[in-house]
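In the two complexes below, subunit A is the common chain; its partner is subunit B in one and subunit C in the other.
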Partner chain A sequence: MNQKLARLFSPHSVAVVGASNNFDKLGYHVMKSLVGNYRGKIYPINPKDYKIWGLDSYASLGAISDNIDLAVIVVPAHMVPDALHLCGGKGVQGVVLITAGFREIEDPGGSVREEEIREIAAHYNLPIIGPNTFGFVNLSSGVNASFTSEFSRIEKGGVALISQSGGICHLCGFLAIEQGVAMSKLMSLGNRCNVDFPELLSYLVEEDSTTRVIALYIEGLDKPRRLLEVAESLRGKKPVIAYKAGKSEKGDSASRFHTGTLAGNHAIWKGALRQAGILEVDTAEELLDTAKAIDACPLPRGTHIAILSSQAGPGMIASDALEPAGLKLCRFSEVTQERIDQLLPPVAIRTNPVDMGPAWYNPKNIIEILKTVLGDRDTDGVIFLAMYASANLKLVEGMVEYMKSIESFQKPVIACFSAPPGVWDEPVKALDRKKGVVTLPTPERAVLAMANMWKVGFLMNRKR
Partner chain B sequence: MESLLLGINALTFLEKEGFPLLKSYLAQNEKEAASRSLEIGYPVTLKISSPDMIHKTEARGIRVSLKDEIEVRHAFRELVDSFSSSYPEKWLDGIIVQKQGSGIEVIVGMLKDLQFGPVLMFGLGGVFVEAMKDVSFRLIPINASDAKDMMEELKGYDILRRSRSGPIDLPAIEDFLLQFSRFIVLHPEVKEIDINPLFISSLGSGVQICDARIKVVK
Partner chain C sequence: MNQKLARLFSPHSVAVVGASNNFDKLGYHVMKSLVGNYRGKIYPINPKDYKIWGLDSYASLGAISDNIDLAVIVVPAHMVPDALHLCGGKGVQGVVLITAGFREIEDPGGSVREEEIREIAAHYNLPIIGPNTFGFVNLSSGVNASFTSEFSRIEKGGVALISQSGGICHLCGFLAIEQGVAMSKLMSLGNRCNVDFPELLSYLVEEDSTTRVIALYIEGLDKPRRLLEVAESLRGKKPVIAYKAGKSEKGDSASRFHTGTLAGNHAIWKGALRQAGILEVDTAEELLDTAKAIDACPLPRGTHIAILSSQAGPGMIASDALEPAGLKLCRFSEVTQERIDQLLPPVAIRTNPVDMGPAWYNPKNIIEILKTVLGDRDTDGVIFLAMYASANLKLVEGMVEYMKSIESFQKPVIACFSAPPGVWDEPVKALDRKKGVVTLPTPERAVLAMANMWKVGFLMNRKR
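After this line comes the complex of A and B, so read on.
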């Protein structure tokens, strides 16, 4: 399965079954995602048009002489079985089945159809992502096999988001663009015909070297133990975090109609995820923040955190957030404190949380403080906060200049910069996800992500 | 066929499987209750044992902290009289004479979830369970770190850790949970168990089952 998935995600050629020039058809949007972005060969298939998106179109898969690695199918549900037979016959390696109208619908005919495609897939040993999916985006190798071309704008990185819902991918995918979360893969599994969470988890952990952290969005599974057992067997290899929906009864019944499975008792899910070494998060925001931080920073080795703030208030709220999140303020050694005292005039609090206000105009000193604190044995991670004020305009720019490598400390630094749009954008971008520094929008979110990094490491290393 | 074991039947079942129990006997008359109480040592608890009564508390079928023979005999009469007048149609096995439990009350349960299969539940007993739903779940089988983890996960973990009466036997709960998990794996015929309460005594004194309900498929 892993080899097949590797080929499916990085195909040399793609056929779009149901490709179209008509904006109102999904086949149009799948073509839009591929054309001008995908570097392999694209084969639009449509019996009516000769040219689709400027490419020669084929009447059927059989009319193509070349090998096809991936077929993206967007034809109506009743035509899907035939299309799959053609794929199997042609030796297609994998399928993305975007078409909906299977077991997720109220009409029992949907389940019958799904059973039929399951059998066809088994007969040809053909991996199918979907049905009822928007597709997948493999940012690592520049393949957007989805109906949303804009996902190609997500930066390439180490976060893989595997979702049971296309909507959640759209929520998180665009947030990722906005907030600089860099991804390797983004996909919705839809009804999970024969490619389900366990298969993907195994592939991403064992085969996909571009993925550094795996984020799951789960609604409900018929056989949850299968996922948990795979996660358990892979424990310690890569961090896995999950957002589980269906806490409320309403959410639970919505899930049945969404992807055909009841979400199940949340209290049991909570315990089972933890038991399998998967960190559960409570919001989409937390899922992305945590994944972003894990992707860019080393995991903290303990719970002792230093807070460095350019203004007192943000430092205070960050301190307040530590304890409920399971972290605490670290205690600086005498040497560390002496050095900080040299770098900061005695006009503000210089112990942890450090108010670096007096060094506003001196980015070099601010970096020195950061390095000193990172070098302290009791510091497991740093929350770094700086809010713009007209007078400290050059602060972040200066930091970029002085920030040689802090990577060697092997400790996470989560930074929060707040400034009017456009003012600090460039230098913040130059710091974000570089050298073990990651930025998040607020002090509280920075603390929560830091705590989650510690927890995910704890779960990964816990002996079974 | 599904059967529900209650009262003395549930306790006997668990004792045979090697689980630690508060010393318990079934007494048929006042005299027997008195001699069993003496054998167990005061204080004792008396409870009705009936296969037809699921909720003893609601039926006011428990008398606790009985200190001597007079109290035991009095409680025995009261329990039998009130049971037979309130529920003339229900069967009475007898009256359970049980060592008075002490320490902290917790609950341990197993249910078979449609998707997850056998699931272990652990939580604080009494009002905490009812009011706060302070329970944690793990899939069976569990290992030692799961057992520890599911205790630490409780909001009321501090109540276990910092008992006012000195340290309680946390290692014994861990062992109990592991023993329970192993037992469930070996006994697929058991569909559901609710051990409520399980008493945890001071460090070194272990845990004792006070009451249980067991659903078995034959």
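After this line comes the complex of A and C, so read on.
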């Protein structure tokens, strides 16, 4: 299966069954996602048009002489069985089945149809993502096999998201664009014909070298034990975090309607995820913040954190957030404290949390404080805070210049560099996800991500 | 005091004592904030230059023949007493004292100097914001009397922020730009010479008609009782929410260094704020989200909420978040339920939370469902969720068209319209803060803001 999925996610050629020139059809938007973006060969299939999105169109899959690795299917539900037979007969390696109208609808005909395609898939040994999915985006190899072309604007990086909801996938994908979360893959499971969490988790951990951290959005599963067993067997190889719906009774019953499965008692899920080495988080933003931080920084080896702030207020807020998150302020050694005292004039708080305000216009000293603190044995990670106005532009540029060899400390630095949009874009963005530093929007979110990084490491390494 | 503050915040003329052409001086940035933005008369004061930012410069305040309403002072600390005497002598109505180096520094000379300026201010009956402040921005009347010119990019609206930290003010101001929070005023107290929370709260509630909701960031106060008494005397007039630092022992001791006051036992604060009718929130984003929602929508009259979602996943997430936030799903009347059944094809969840997915391409029906639910007696507010891809552009445009007379229901609609940045800008933004609808970035944040709106209303109206 892993080999098949590798081909499905990085195909040499893609056929779009139901490609269209009509904006109101999903086949139009799938073409929009591929054309000008995907570097392999694209085959639009539609019996009515000769040219689709400027490419030669084919009446059917059988009319194509070349091999097809991936078929994206967007034709109406009743035409899907035939389309799958054609795929199987032609040796297509994998299918993304966007079409809806299967198990998820009230009409029992939907379930019958889903059983039929499941049998066809088994007959040809054909992996199918979907039905009832928006598709997937492989940012690492430039394949956007979805009806949302904007996902190609997500930066390339190490975060993979497997989602049981297309809506949540869109929410997270758009947040990723806005907040600089760099991703490897974004995939929506749909009805999980024969590709489910366990298959994708195994593929991402074992086969996909571009993925460094795996984020899951889970509603409910028919066989939760299978996911948990696979996760446990892979434990320690890559960090896995999960965002779980169905915590409330109502959310739970909504899940049953939506995906045909009960989300199940949340307390049981909570324990089972921990047991399998998966960290559960509470919100979409927490999922992305944590994944972004893990992708960019080494995990902290303990819970002792230094807070370095260029203004007292944000430092206080971060200090307040530490303990409820399970972290504590580290204790500087005498040597560290003496060095900080030298670097800061005698007007500020020089103990942890350090108020670097008085060194505000001295980027060299600020970076020197950061390095000194990172070098302290009791420091497991640093929360680094600075709210910039345009007056601080030179300072930020100086910081980018001086921020070298931070990576060599092998400790995470989570920064909140708040800056006016527009000024932000240039020098501050240059510090995000570089040299072991990651930026998040607020001090509270920085602290929560740091705590989650520690917990992920703890769960990964825990003895079974 | 209220009259003096009204003049200070909406001056007819502003003098900048210490104006500069040098980028490295704060006097440069204060001028940048005013020039081309402020419509009154600007008087740069600097004995060395003839022209500053293209305007005629004056050697001293005494050289100006016109009346000066507001003086912004950025000269070094030792020159401040003389500058204040000149202001008092000339009949200046109010001062923003940006200069630092007073009570906040370790050197006892700072406190001596602060006592001196306090006496001068008392002598002339001169309100002073600061010292050690970045200033204020009055978006309602276009006065940016701060060293951060980018704050002028915040949209004009009804949210006023009073902050005890310049850093947090910057964090919130930049978040406001990014997240469409429309503000009336942004003010940083600094060392609170003679203008403190009570004075500003009273002014904003009693005098400032542009302010509809007041957000506070509090660290610690010398006389907390005074703020609480003023708040209680004004209770019920305008919603007040507070974000309080110093919850932890360390945050607390940092506050003592920073502002010379203990933040104090948080449990006591928590109770006292409630008692005074002020809602406490936990994060910067929660403060802004709640204020934004209150500014744009009527407060819910109860805790019964309808969730309308265009995808099942986000609807489940919102349902999960309701109960922990103190809200519950409302129960539709038979009439309401019948109407929804007519508007949605029989393939979806039509009970609360409603999955509007099957009406996805029918904006008229979606808005009709919204109106039906708003009209139900048991509905106190609506959470409205839709994750848009570019394929949904026409739908969004249709929604803007059909979304009329929502306001007449006098119930809040908090929406999460997630959309790819760029596509978002046009039609979706057109729905934000219009017609009784406000948008927030995630389903969880939408629910939390709705819960806070209800709590604010409860605290405002509670019998003393």
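Simple rule for what comes next: the second predicted complex is superposed on the first by the 460 of 464 C-alpha atoms of A that agree within 3 Å, B and C clash if a C-alpha of one lies under 4 Å from a C-alpha of the other, contacts with A are read in each partner's own complex, and residues count from 1 in each chain.
Criterion: contacts are C-beta pairs under 8 Å (C-beta built on N, C-alpha and C of every residue); 3 or more make two chains touch, one makes a residue touch a chain.
These figures come from a predicted structure and were not determined experimentally.
Trainee: After lining up the shared chain so the two structures overlap, which partner does A:376 touch, if you call subunit B first and subunit C second: first, second, both or neither?
Mentor: neither
Trainee: Quick check for you: in the superposed arrangement, does A:223 touch first (subunit B), second (subunit C), both or neither?
Mentor: Touch partner of A:223: subunit B, not subunit C.
Trainee: Between subunit B (first) and subunit C (second), which, if any, makes contact with A:150: first, second, both or neither?
Mentor: Touch status of A:150: second partner only.
Trainee: For A:208, is the partner it touches subunit B (first), subunit C (second), both, or none of the two (neither)?
Mentor: So A:208 meets neither subunit B nor subunit C here.
Trainee: Just checking: does A:196 make contact with subunit B only, subunit C only, both, or neither of them? Give me first, second, both or neither.
Mentor: After superposing on A, A:196 lies clear of both subunit B and subunit C.
Trainee: According to the stated criteria, A:271 is in contact with first (subunit B), second (subunit C), both, or neither; which is it?
Mentor: Touch partner of A:271: subunit B, not subunit C.
Trainee: More residues of subunit A are touched by which chain, subunit B or subunit C?
Mentor: C
Trainee: Applying the document's contact rule, which stretches of subunit C touch subunit A when the two form their complex?
Mentor: Going through subunit C, the ones touching subunit A are 23-24, 26, 28-29, 32, 105-107, 134, 147-150, 153, 163-168, 170-171, 174-175, 177-178, 217, 219, 245-248, 250-251, 254-255, 257-259, 263, 282-285, 309-317, 319-320, 322-323, 329, 346-349, 352-353, 355, 361, 385, 387-391, 394, 416, 418-424, 441-444.
Trainee: For the complex, give me every residue of subunit B touching subunit A.
Mentor: Within the complex, subunit B touches subunit A at residues 113-117, 119, 135-139, 142-143, 145-146, 149-150, 153.
Trainee: Which of the residues in subunit A end up touching subunit B in this complex?
Mentor: Result: residues 220-225, 228, 262, 264-265, 267-268, 270-272, 274-275, 462-464 of subunit A touch subunit B.
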